[in-house]
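Just so it is clear, A, B, C and D label the chains in written order, and each chain counts residues from 1 on its own.
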Amino acid sequence: MRMFKNDYSEGAAAEVLEALIATNAEQCVGYTEGDPHCEAARKLIRRACGRDDVAVEFAIGGTSTNLVCINGLLRDWEGVICTPDAHINVHETGAIAATGRSVLPTRDADGFLSPAEAERVWRFQQGAGRHMTRPAMVYISNTTELGGVWSRERFDALCDWAHERELKVFVDGARLGSALTSPAAEGLTLEHLASKADAFSIGGTKNGLLFGEAVVIADEGLREAFGYLIKERGGLMAKGRLLGAQFEAAFTADKNGELPYWRYARTANECAFRLRDGLIELGFEAYGEAPSNQQFFAFEPKVSKAFAEAVGSEVFQELEDGRLLTRFVCSWATTPSDVDELLAFAKTLR
Amino acid sequence: MRMFKNDYSEGAAAEVLEALIATNAEQCVGYTEGDPHCEAARKLIRRACGRDDVAVEFAIGGTSTNLVCINGLLRDWEGVICTPDAHINVHETGAIAATGRSVLPTRDADGFLSPAEAERVWRFQQGAGRHMTRPAMVYISNTTELGGVWSRERFDALCDWAHERELKVFVDGARLGSALTSPAAEGLTLEHLASKADAFSIGGTKNGLLFGEAVVIADEGLREAFGYLIKERGGLMAKGRLLGAQFEAAFTADKNGELPYWRYARTANECAFRLRDGLIELGFEAYGEAPSNQQFFAFEPKVSKAFAEAVGSEVFQELEDGRLLTRFVCSWATTPSDVDELLAFAKTLR
Amino acid sequence: MRMFKNDYSEGAAAEVLEALIATNAEQCVGYTEGDPHCEAARKLIRRACGRDDVAVEFAIGGTSTNLVCINGLLRDWEGVICTPDAHINVHETGAIAATGRSVLPTRDADGFLSPAEAERVWRFQQGAGRHMTRPAMVYISNTTELGGVWSRERFDALCDWAHERELKVFVDGARLGSALTSPAAEGLTLEHLASKADAFSIGGTKNGLLFGEAVVIADEGLREAFGYLIKERGGLMAKGRLLGAQFEAAFTADKNGELPYWRYARTANECAFRLRDGLIELGFEAYGEAPSNQQFFAFEPKVSKAFAEAVGSEVFQELEDGRLLTRFVCSWATTPSDVDELLAFAKTLR
Amino acid sequence: MRMFKNDYSEGAAAEVLEALIATNAEQCVGYTEGDPHCEAARKLIRRACGRDDVAVEFAIGGTSTNLVCINGLLRDWEGVICTPDAHINVHETGAIAATGRSVLPTRDADGFLSPAEAERVWRFQQGAGRHMTRPAMVYISNTTELGGVWSRERFDALCDWAHERELKVFVDGARLGSALTSPAAEGLTLEHLASKADAFSIGGTKNGLLFGEAVVIADEGLREAFGYLIKERGGLMAKGRLLGAQFEAAFTADKNGELPYWRYARTANECAFRLRDGLIELGFEAYGEAPSNQQFFAFEPKVSKAFAEAVGSEVFQELEDGRLLTRFVCSWATTPSDVDELLAFAKTLR
């Protein structure tokens, strides 16, 4: 049975793998510095963003992307406001502190950074001038840690709040494909994102690439900083063209005129929704609203364990009533019949 | 009228100032490295701690002390568990992150780090192995940010919890004098502290010295690290003997056989209790239990402002009902008649 | 004409690319944490090292490898002794300083760290106790920046010097394949290296892999630190199996019983020697002794420029007599006929 | 006999000590944030600098001053050009690396940073774009490590070189008093320094104060950064007024219309010149030109040891001929008769 453990279990989707094979014998300059594939990918991504005036850089993974961007957007004594469950606050082994910067978590419990909570933290940190870390940016991820999807309205409200206070907005798009192809995006498009965020990433690792994130940078300071910091922090690939070639493949329209990048994400989402609907129909209880490629269910420990053994689903958290919050993840590689097989198994657990 | 703004408003107490004057013309080796005053102070402090096997080092202030000790007790990927209102979490401009280490706040609301909350954070941080900051020490301050005083029982419970998990215990003693001379210490003595903590500071700046903290170090790793780190972080005084001479004066028994260090603290506490009792008698509402040299009251904004103008008291926080949590601080220099003058003024505000 | 610009111009060698394709559809656990390919590669590399008791970890590139290992081998106030031209001193944008550690260059002019110069620096740094960075390790690269190859005797002399002083030895093996298959290795084998170094890397990026370095760790402290630091510094790959699968392919004996890893390197070396001999025969002047896949020549500017345009060779340095030190690099992908084509071109420049 | 070990052996000069005593009972706001003494000192120092538009801040010592200023003037990937013997390169335990920034030493052998060597390093560091640390400032100290004094002409030449390349100029003035009152200053005044340097320190610790450095900041970025960084790095004094009161005393004209600060320095210099002339007359060999309060002599080991035991002189370095470079330091507290006593002793060593 296919695993539903995460969206980085498999290798690369067809177009991407083919591009790597096709370009394998080429000799290219290194370090993403001007090879034809990076240049082509930059052009394609700028076009998809509807902006010519942004820089497009590349990184090998999410933590590298986050730490370089946050390092570059903050000065030594500044901090980044985020939700308490933010990846940078919890799952990156103190990577932001390792660059000397501070993470300033709010109390938002649903994974979405709210202007109200951001305002509370922002005000609190003004309380003693230079004796406190100065908040200078907000970090959000789309999708959120709990699979939530930012709507255009919600995103605009946060950006407006931040920009009024001269805070930068950075969006961790490790699962941006899933987010923007979700019905819950409600008008939040790549173009719109690019028109408001100071920087954001377009995650490849979790959406069809072997590895790699593209970073779209509007902020002038970060445009200068990124190149130095990605090298200084050890994140610059010698064979940079590998990143370029993959994003070039994912952002080149297929014969139906669709970008493979969106197709991969849509596939993952659709399988996830099928899984969700199927499990609910079987009487299992979905947890929260996760209109994206991750689905969360509250299971009795015995059930959670059975799923874990069968399809690799992970326990995210123990709920107060003793049940286990269990996560299923679909990817570009998941198929409807994979889901149906899982549902058939699920039936045996009722 | 005397200010009650804080306990570092004045210069040095009599014995300390006299020692600085008396030793001014001496020529000493620098950097706390073997001058007679540092050596004498070390001996006196070790004696007061009842341990010969601890290192005694010196720093110029609290933030320097905290960052050097925490840096030295943690490896790059480790973190320190503390309360959310801990000085290191809130009031030191990200000094711990600036050394690359992470602060891991609990949800303790009363300023005391509880084993239960520490356990929750500790467990949470084990949830994803090396993907999360590893907790390796606890930080507490005595007195707490809200003027609380650790009892021996409470302290022992936390130490036991920490040491069972091989976490180090560091006590920020910026106001240790006030804490240990408080009736609320209930058996927590310097000797007892020294027998359990891996390192702690004995604050001088807020208790009679011009400036300076002594750092008592039992932990072997920190004993080696401290000397290098205090220099590397810019905290090593060229004229180290200034620190030695002051602590020597404060820890040399006076003609009554008492250490001036304890006398300074007792004076501050007694004035604070007089102030507290007097204000309560006048019908003002004390906030929380602060059996030390800081006293907190919940005032209407108008009253808070009047006190601020008259005696420099500071607003700590806005309470949910709109009242202002206002802090009065007494020091070694405060006198009962200073308090009575304040109380006379307070009477006019009823 | 084939470029001789560097050894990371091309993609992956045959076995490696095939392995990536063959494993593409597999679902594996992430982060190099137990997937079958990382486990197999670990086993193969341990066997090639002749040691069961070393840890084998993976990184995506040289700078990431260096900074994580040096960070993990040094405490905050310690430094690493190396030659002035060392990659970590010159070409990594301050990556070591960015982890808070210090680089302590000697005056060795030939790319080899000598015990005499290391001793001078080591003594100098003892001159003022904790007021100076304490040297705690040596960094060498094999091959050196100038294409030099460490002999067993030279390597042993440095290791002996270092270990007598309790300094760690780290070997940057970005081009280790070329070094160990060079005749100039004179008995320095992978087994021997593994028996003496506290940690070293086996470079894949420049020797047949798409990307990736294996890190062999004997040092106990670094074994614990590596996992945390590689994550904290953003160098941990989500699809860790990509690293495992590639090293598995490169270290699995081919039908002739040879490890492809050594074959790639030998190919590069042999082409480099053919190029060297050919250019010398044509009357060009080789610079220094570079018995590895990089070759250096001193050219008149006009000649250097002609080569640069034709085959991408790079100017390393301007010599005092105005000539340009020019580098040619061969890789696993270079063929004898590529070299002959270059030589035919070279003839036209005489 | 008076020690000639260093200029931070004694306490404070008369005016400074008196000011500390006189202000001891005052209650002041903390942290150098607006107390009357800091404000007065700022005004006096600005007046002495002939500029109203510079910020004047305070630090407790030289390392703290250097690391905060350099941290604040550089971005994460930038470096500071200095001589190899610069205090920041040798004697501060890697303090600059501990802030993540890089030190880029030239090969200047005489303690003076030359435009030619700075240019060489600057060019070298441009050689590989973002793969190398970008030089963004120069650090000099006046006096130099070897007691050298910058003339106006020499200073202007370096500043012109630096500013043409948009590099900042920072002057470590730990011994600025001695430098500017030396005949070798040849027109380099405080006003002139303030008109050209982006930031510089006015050392108090080594010139009559108990401790403390004033920092004069013209650079706008550093003006904003300093306040946060001095706190974040643990260098902000709670009783900031101690720094203010001392500089106020040292920069308030005495009855002869002279600033005590200059008088202290002149006293030290004059004693040093008397010592130098006397030793030369006795046939000892002076080393280099040190027209300031430090004097260097090349002695046979036996002689060096005899001086060390008698007056605490320190060995700076072993010379190639086996003699020991020995340093004598005079301070504001040294008197001509102290020098004569030393000379009488020296006579016995011939």
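Simple rule for what comes next: contacts are C-beta pairs under 8 Å (C-beta built on N, C-alpha and C of every residue); 3 or more make two chains touch, one makes a residue touch a chain.
Since this is a predicted model, take the numbers as computed values, not measurements.
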{"item": "Most widely separated chain from subunit D, with each centre as the mean of CA atoms", "value": "A"}
{"item": "Between the pairs B-C and C-D, the one where more C-beta pairs touch", "value": "C-D"}
{"item": "Rounded Å distance between subunit A and subunit C, as computed from the means of their C-alpha atoms", "value": "33"}
{"item": "Rounded Å distance between subunit B and subunit C, as computed from the means of their C-alpha atoms", "value": "51"}
{"item": "Subunit C and subunit D: spacing of chain centres that average the CA atoms, whole Å", "value": "43"}
{"item": "Junction residues of subunit B, two or more chains touched", "value": "76-77, 92-94, 98-100, 130-131, 228, 231-232"}
{"item": "Residue ranges of subunit D touching subunit A (in the complex, touch as defined)", "value": "31, 71, 75-77, 99-100, 129-131, 134, 225, 227-229, 231-232"}
{"item": "Residue ranges of subunit B touching subunit A (in the complex, touch as defined)", "value": "76-77, 79, 90-94, 96-103, 128, 130-133"}
{"item": "Residue numbers on subunit B that touch subunit D, as the complex places them", "value": "2-3, 5-6, 8-12, 17, 20-21, 23-30, 59-68, 92-95, 98-99, 205-206, 210-211, 228, 231-239, 242, 312, 333"}
